[in-house]
Structure formats: structure tokens, C-alpha cells
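Structures given as C-alpha cells follow.
Both of the next two complexes hold chain A, though its partner changes from chain B to chain C.
The block that comes next holds the complex of A and B.
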């Protein structure tokens, strides 16, 4: 009841409501908030600042060599054709997609199991395990390169995309497990208990009750895993030594030579690399924000 | 509250299996360091793996060479792998430590000593002596490779090309301003000032303030001072007062004749600024020639070697890294791998590659190719290199700490000098101190 009243504004003291003289003159109510320009001008400036590098990238990607025009016209698709066909970005894209999706699936499944165990079971060494997970975040990937390289070599996984998928998953897991355990703790155990009373096993109760409520968390963890593995360069560079196994970040770096750089091709490669990430974020941004904020307060 | 039924506990056996597997992996992982193990000559047939140390930009040229090689030797297949230049040393180091080196790899003198010290490369002098390349390699590049290897006269890479510092300038802007080409230092500084109009975003010069700044600063210092040796006994000449004075003039260009953003310029930004803005001059090597031509066409841009210290006097240039091909010790098919190296360094292939790279070819036969006559900057660089009066300052690439000292350790200090937070003398003294210590360490180990 109280909450409903607060929501309707009945209990909000008038002194706490920000006023705006100009909005008042225009007949805006005292609870209308600041005028639109105070919201849109800073947002617009911020957006402009953020989008300028993207515009630069698009401009160079479609502008013919030798042009100094600040407008992307006349446009050419030559740079895209060059990187996609001549520089094998078509293959790199496919490899990156395989690595990204496999890392997403593996990370989400394993983190879900681990997160559930940490949230719902009390066992010896649980705190130590959590601390170890946190500590593992302080170890840079570069430090683990040689040991990982040797392990994969003995497993005959060098030059296999699985070496990158496994490494990415392992490095994503600590944060993902911690995040998901926070989400699961936020779901009342009583809901699961009610399912058990109705005859569900723990697994069935998990699928029927917990999993649907975890959607924001799963989206957050999955998208984070995908984007990170999509952009990550080091493991792909080190573990893959065949041209047709390399990924987009490695391909992008090969466009910067020792003394020469093909800016048009580099920008076109950048656009190709950015597109999947932009699409992923466009689709999931609603759940992503919910997911991260929920994890933040309930963890 | 009822708890769901649990299956019998299987955690302990599973944990045991996992632990055993982890221990087994750790144990096997220690079995082979990958370095220093010598492979065999092999049958001279089959597949060899080649890592291109500057993959991407020169991939097309390498693919042409590989196609020609496989046509000539149909029983050898070359697998090409392009490695980004910025990370090639890391890639080699990991493969040396963990295994998985290729049969042949592109190797530059800038990191040759490091690879020789790890015993990864096969000595090549004997093979070169018995091949058709004997006496057909540019002497300066051979001595550069020998010096960089740090093992006397032994060569651990076959030189394929070298680069040289070049002063690029916009002939159209010079013409419009009535300026002569910057063939003297006074003409250079005059042009830098005349072509600058900051209010219209026009600048006479672009300086490299970020990554890679030290090599270019040293090049400018020695070219202006005319000091022709990096060492005076066991002390470096970097902080000689003549070099300090040259450095002061060079950094004095910052903000007066250059964009303020140059503070963080790496070569990519610097070249982009020159190719896509209104900048009169750029100091970079021959490697960016094709980018400038693509941006302006051949008629609006030209490149010349850095001017001599005294007008009309002897030119002093620094030894730029020599690029080449290395034969890896761990390779199991060295006979085939050497055939590929020999073929790639042959006159027509070396010419093809150098033209694509915009570099000076190592094969003396390639020097007479028509494309060199057509490429004025490359020809000018070769003439200055072959001029017996030219003094070449050999950088100590053999020092294992050379890259660390001249990059991570000193680049932030150079930015302080540009910002006026450190004097040129303090900068030079500090750099000289580090180099002297590294040289003393190296000499100590050599004993």
C-alpha cells in the first residue's frame, strides 16, 4: 500500500520535487522533471562523442583510396571485397562465430551448474572456492600462455578452435559463476521447495521454476562470454597457427604492417568485426541492463 | 521441508579422476620445451610451414612466391601463416618455450639476438656459402645480420630486404609555397615553419611521439650531429652534446610545426595524418611508400634520405632493421625448408617481394630492376646506402634489452621531453645510462 502511494507521488514531499521555472511557464506540472533539452543535449553530445570513431571507421571503409572527403560519398565496396575475399575475413568470421557461440554455450551451462551449487548448497571449502574464483581474476591470460600452450599441444588441440573455446570458457567462468550464483540466490528457495512438495526432483524443479526466472542473468553472462571471446586476440593468435583457423581479431591485426597500413581495409575489417556485437547488443540490451543491475543488488 | 532424492555420492571418485588427469597433463607438459631440439634434414620433399612475420600487408606477394616455388618443386608444399608484426616476437617466444615452431619464419634483426640466445635458429653461413646466393647479398645487410646475431660472423637469418629512414614531403605543398626540397637541415626546419598554419589545421611536419618514437628520434639525432658511431669505447654516444643539441631542435618542432595530438602518434596515426591531412613532411621509412602513392599519386609526394649533417657533406644514417628468413632448428625437413629460403631470396623473387614491401632488396641482382628506377625514393635510398662515403651508425640490436630500453623504458620519457617536463639532456643521459649498463652486461656474459 505504502509502495503504491509512493509510486503515485502522494507521499513525495513537495520540496523534494525538482522545479523548473521554464517548464512551469510552459504549463508543465511540478513533477514533469527537467525540460527535454536538459536531457537530450548532454545525451546528444555524449552520443556524438561516442559515434565519431564509428563514423570515421565507416567513412574509411566506404571511401575510395586517395579521397579526403568527410562524407562517405562516392562510396565503394572495394575495401569490403578485399578483406572478405582476399584477406580471408569470410573464413575468419566463420571461425570467430564458432568460437563465440561455443564459448557462450559452454560458459553458460557450466556457470549455471556452478552458480547453482554455490547458491543452494553449503559445503566445506565453499568460501575458499569463492575466494579462489575471485583470485583467478587477477591472473592475466598472458601469464598462462606457455602452460596452456603445452597442455593443448599434448592434447593435440593446437590449431583446433577448441583450444580457444576451452581457454576462453575457463577465463570467463569465474566471473560468470559468481554472477549467476548471485542471481540464483535472489530467487526464493521457497519456490523450489513448493515444486518439490508437488513431486518434482531438484533437476525438474530447477528447469521448471528457477531457469525461467534466470533469463536476465543468462543473457548477461552469455552475451558477455560471446562478446569477450569474439574480441579476444591473444589465445587465437597463440594457439592457432593455420591461416584458415584464425579469427577476426587476428585478421584485423594482420592489416597493420610493420611500416604500412591499409586504412580502408582496416576500417572495413573493423565494420565486419563490429556488426555481430552491435546486433547482439541491440537484441539483448534490455535484459542485459536488468541482468547486471539485478546481479549487483542481489549478489 | 522434503528434500529431493539424491543419487549416491560420486563426487569423490570424480574428483580423484580429475586430479589424476590434471597431474598427468602437468607431468606430460614438462616433457618437451620445444627449444633447442634439433630436427633433421628430412627427405627434401613434403610439407613445410612458413610463418610470415609481417602477415597481411605482404601476403599477396608471398602467395605469388609460394605458387612459383611449388611450381618449380612440385613435391614440396608450403603452408603459409601470416602473423601480425606487432605480436610476432611473442608468438615466436611462446612457440620456442612450448613447441610448435615452423620450418621457416620471417625474422627481423630487431629480435634476432633474442631468438639466437634461445637456440631456436639454425646457423646459415655454411648453407649460404654452398648456394647460388654466395656473393650476391648486399654487404651492408650481411654485416647488419652478423652484428645483430651477436655470434661473430655467423648468420642466423638470410637477409631479404632492408629499410631506410626517409624524409617524405608533399611536392604539391612545397611547390605552392615556393619551397625547395628539404635536402639540407636548414631547408627542412624552414619548410616545417613555412608550411604551418595551425588555425587552418595545416602543419609542416608530423612527429612520432608515441610507440616507436625512440628509433626515429635517434635517427634524427645522428643524421643532424653527424656522429658516425653508436659507441665511443664502451660508452654510447647517444648523450654526446652534439646529439643533445640535435634532439633539442627536433623536439622543438612539437606544437610549433606539428599537431598537438602528435604526442601519442604511433606510425599508423602518423602516416594517416600525413596521407589524409595537410601535413608537409613526414619522417618514416621506405615501407610506407605505397601508402603515400595510394593517397596522393606519384606526382604529389616524394621521399629523400635524411640530409647530411653539413650541407653538401657526408651523410650519416642509422642501421635500420634488416628483414630476412630464418631456418628453425626444430624443423624436421630442413632440406626442403632451405630450398624455399634460397628460392625466396633469389633475384626475381627478392625483387618481387621488395617491390611489394617498398623495401631495398638484399639480392644485388635485384638492384637493377626497372621498378627501382621508377620508384625515386627507393632508388635514392639505395644510392645513399651504396655511397662509399655514407656513414652507417650500427644500432646494438644484439643487446637482449635493446627493445625494452628503447621502447617500454624510454618512450614515456620522450613524451615528457615533448611536453617540456624533462630536458633533452636528462633524457639522453638516462637513455645512455641504460644502454651502457646493457652493454656492460652483454660484454660480461660474452666473457
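The block that comes next holds the complex of A and C.
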């Protein structure tokens, strides 16, 4: 039953090819909606709840020590300088970037290959593979720390960024494979077949026909993988003990756990941690909202 | 026409490429076997062992004794389970209600909609540790929000919400809410957009109020998305330890220790791998049981057209 649901895309909230020309409610005139204050008042309140915490962090990051001003000037770069150089956030940033990009590439390539197999072939064991993908979403990564630690110790990958890249990739894979197979199913197979008739090999047809149409799916899976591995904390905390191997969240945790917390440095570290994901989010947020549709692959 | 012509080469190709799907799923399957399936089996194995690297003389087969200890002699297990359930139920209920309201709100047509969406959804991309960072700055008793509120005559100076057992739960709930609501809002908004506008037009022609439209059109349409996002998020909230680990460290006095946090402490700080493995097994069975129960009770995917 579960597998059948996946087939229909019912269990895949995010597997969606953005549809053009959706007959949405866009056509509804403003006269149909509630009065303006009923929108702007709750929205304004919620925006405050969302943005004040961000503002607070920015404020502490640029405010000189000892100041109690609620405005971010006169601003100082001293906290950033301290965190980046003295507290090794420069190195952490580089490590996090390496982990993020490696996870992105590995996840996308492996998921692309698995997703294509699920979307285009009927084969023995296909259902079993699907069920395994679904079930592994219920496996708590935090509870796998001890056995994973033992495996990586055997492979001599403790204190290597690869231990984190592999763990992140593995826990990203189930969702990514399901997502990408949904996207690939949304591309008519007839297009590929036409390319085969023209003499393309399956591989060439894939690169020439499928891959270009898959861009939204690749952006989604890639950015999820990047954001998750950039944000994730436990694997890096447990597998990387040498200081010059650590990642940004581990660095933040060190600042948080210090006996007397240096709030300015902590805030500056937070801003450094936020910048890449904010950029990725700004890049994908439009797509997120239009493309997350559960219904898109049902039809 | 093109398909009819293509039929022959396609069947040939199918025959030649019978092994191809297996080659294609091999990397994903092997990675998952090695780093998910194998660790799970080893957890099952160690759950039946006494295995503690600091007490190697006691290592060996333990039978069911780890499990007996969990259920009969470990108040901390029950306490952490109790907290986990409260944490998940409160978080999910609030995130769902606020997320749904937010999705309905930004689905309206109004000036500044695109920017508002981007801004209210932005905490979605923020990590647990970064959430802790931000809320620690807000909760700080001497320089945080409460100081400025006290300046304005609200509350008192020097009150630390994170070390007061009466307030720590809601302080953590609020921080998690801040980054959790956008997940529901994004998913539900996406599903809202697939409701045909004609349904609402027909309903208003028939004189149905907006509240009736919400209960008779919107919510039934969203049902599957609500069930699915609730389940995914509940499992995620149950498993995720980033925020509580960094914000409260499970404290004060073990007050905010969730089951996974307790397991991590037992295995990594206490080095009691055998017992931690048994706890992991129990946690996994609980998760699986409630997931199946939830899907059954909600008749997920049933009576869909």
C-alpha cells in the first residue's frame, strides 16, 4: 500500500514539477478577499515575530561591547574580526563549504541515478527499494551516532570531513531519490524515445533531453542537500574532534557553551552561519512555494 | 505515430538493458546498506549485549536485561519519553495551527505578497544551532529582550527564562516554533494553490460564508497534506536534538531531556553502548508504531478520487 502511495506521489509532498498556467486563485479580485486590515494586521505581527530575532542577532554582531543602543550604529567590525580570525571561523567556514558542496554533488549524482531507475524501469526489487527508502526516513540519525562512529573508526575516517559528507549524503538520499524520481516521471518518456529513434544512446538522450528539463528538480535536491549539511551539527560534533576540522555549527556550539558567553562574538558567528543559507534560500524560495505542491504529480 | 515507429527499438533496448536499473540503484542502495541498514543491525545486536568501553570486564551477552532495565528500573527513560511526547505534541499542534493560518494569509491577494512570503518563510533555512544562538541573545537576562521590557516596566530584571524550570519549556517551545512554522506554511501553501478557484466562486454564489468555505472546501482538500506534513514533522521533532542540546543541554536538572538526547548522553558520554542501543531500539519501535497508527487512524490516502 505504501509503495502504491509513493507511486501516485501522495507521499511526496515536494516532488513536483512547477506547472505553468495553473488555474489558481490569482484571478480573484481583491474585492473577494477579506478587508485589508485583516491581512496586514496579523501579517505584521507575524513578521515582527520572524524578523525581530534576526534583527537582534545583527544588532549584537555590529554593536560595540558595552553599548545598550537598540540601533545598529555606530557599527563595529570588531566582533567579526575576532570570530573569523581568533575563533577560527575562517577555517570552519571553509570546512562547512567543503562539506556542503561535496554533499550536494554526491547526493545529487547518486539520487539522480537511483531516481531515474525508479522512474523509468519496472524491475524485481523495485518495491522493496521504495519501501527501504521510505522506512529509512524514520531512522533517527541522532540514534545512529554510536554505530556510525564505530564504522568510521574502522574506515579511519574519524577527523576526516568525509565521515560527515558520507553521513549527510546517506541521510539525504531517501528523500532526494523519491523527489528526483517524481520529477523524472513528470518528463514524458516519449521525448526520450524520440531521441533514441534518432540514434541517441540512452545516456546521450538522458543528457540531451532529460537533464535540461530536470533543472528545477536538481535545484531543489541540491539546495536541500547543501542547506541540510551546512546546518547539521551532530555528525560534525561527534566525528570531527580536531579543531581545524570542525564546521560552523560546531564552532557556534563552542561559543554557546563557553563559561562566559561572548555575546558579540556569538552574534557575529551566527551572522556568518546564516549568510550562505540565506543566499540559497533567496535563490530557491520562489520555487519552493510554487513547486512544493503535493498535487502536481498526482495528475 | 512516433511511438508506434519507436516500439521495436525500444523493446530491443529493454532487453539489452535488463541489468541497467540495478546498476543505477546500486550506489544509493550500497550507501544505505552500509550506513543505515548495517548500523541498525548492529544496534539490535548491541541491545542484547553488555557493552561498555569503560567496563570491558563486564562485556558479553546480556539477553533481555537491558530491556528489563529500561522498563522497570530507569525513571530517566520514562521522564525523557514523557518529555518527548509533550514536546512533540505541543510543537506540532502549534506549528500546524499557526502554519495553516499563515498559509491561508499569504495565499490572499495583496500588495507586497511576494516579499512577505519570502520573509515569513525565511527561518525555514535556519539550523537548530543558529536558532539557539539567536534565542540565547534574546533570552539573555542582562542584555536580552527582558532587560528592555523591564526598562519599559514589563517584568523584572535579571530573570533567566532558560534556567527557571517553570519557564524553560515554553522558552524552548517558542524558539522551535520560530523556525518550525514555515515548514507547515510552505507545504500547506503549495497545496492551497492547487485548489481550483472555481470552487470558491461557486460557493460564494451559493452564499457560503468564508468560514464555511474554509471548513467545506479548504480543509478537506488539504487533508492529505496536513496528515503527511504532521507525520513527517512529528518524526523529525522527535528525532531532532540540535536545538535542545544547544539551548538547554537537556536541563535544568534533566527537565528538557528528550529520548534521543538521553540516548546520546548514555552512549557518548556514559560510554554505555549496550544500554544506549537498547534505548535506540525502543525509540525506533515507538516511532514506527505511532507512525502506522497515525496513518491508519487518519485513513490516509483513503476515499481519494
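Definition applied: the second predicted complex is superposed on the first by the 233 of 299 C-alpha atoms of A that agree within 3 Å, B and C clash if a C-alpha of one lies under 4 Å from a C-alpha of the other, contacts with A are read in each partner's own complex, and residues count from 1 in each chain.
Operating definition for what follows: a residue touches a chain if its C-beta (ideal position, glycine included) is under 8 Å from a C-beta of that chain, and two chains touch if they have at least 3 such contacts.
Keep in mind that what you see is a predicted model, and the values were worked out from it rather than measured.
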Partner chain(s) touched by A:205 [first = chain B, second = chain C, both, neither]: first
Which of chain B and chain C A:85 touches, first, second, both or neither: neither
Which of chain B and chain C A:259 touches, first, second, both or neither: first
More chain A residues in contact [chain B versus chain C]: C
Touched partner set for A:69, first chain B, second chain C, both or neither: neither
Touched partner set for A:197, first chain B, second chain C, both or neither: both
Touched partner set for A:147, first chain B, second chain C, both or neither: both
First, second, both or neither for A:274, with chain B first and chain C second: second
Overlap of the chain B and chain C footprints on chain A, listed as residue numbers: 68, 145-147, 150-151, 193, 196-197, 202, 238, 253, 255-257, 261, 263
Chain C to chain A touching residues, read off their complex: 2-3, 5-6, 9-10, 13, 17-18, 20-22, 24-25, 27-29, 31-32, 34-40, 42-43, 46, 101-102, 105-110, 114, 116-130, 132-138, 140, 143, 145, 148, 178, 186-187, 189-191, 193-198, 200-201, 204, 210, 224-225, 228-229, 232, 235, 238-242, 245-246, 260-261, 263-264, 267-268, 273, 276-277, 280, 283-284, 287-288, 291, 300-301, 304
Chain C partner contacts - residues on chain A that touch it in the complex: 1, 5, 10-11, 13-14, 16, 22-30, 32-34, 36, 39-40, 42-43, 46-47, 49-54, 56-57, 60, 68, 70, 109-111, 113-114, 116-118, 120-121, 123, 125-126, 129, 132-133, 136-148, 150-151, 166-167, 169-171, 173-174, 177, 190, 193-194, 196-197, 202, 227, 230-234, 238, 249, 252-253, 255-257, 261, 263, 266-267, 269-270, 273-274, 277-278, 280-282, 285-286, 288-296
Complex contacts: residues of chain B adjacent to chain A: 1-6, 25, 28-32, 49, 51, 54-60, 79-87, 90-91, 94-95, 97-100, 102, 108, 163, 267-268, 271-272, 275-276, 284-288, 290-291, 294-297, 358
Residue ranges of chain A touching chain B (in the complex, touch as defined): 65-66, 68, 86-87, 145-147, 149-151, 153-155, 158, 193, 196-197, 200-202, 205, 237-238, 241-243, 250-251, 253-263
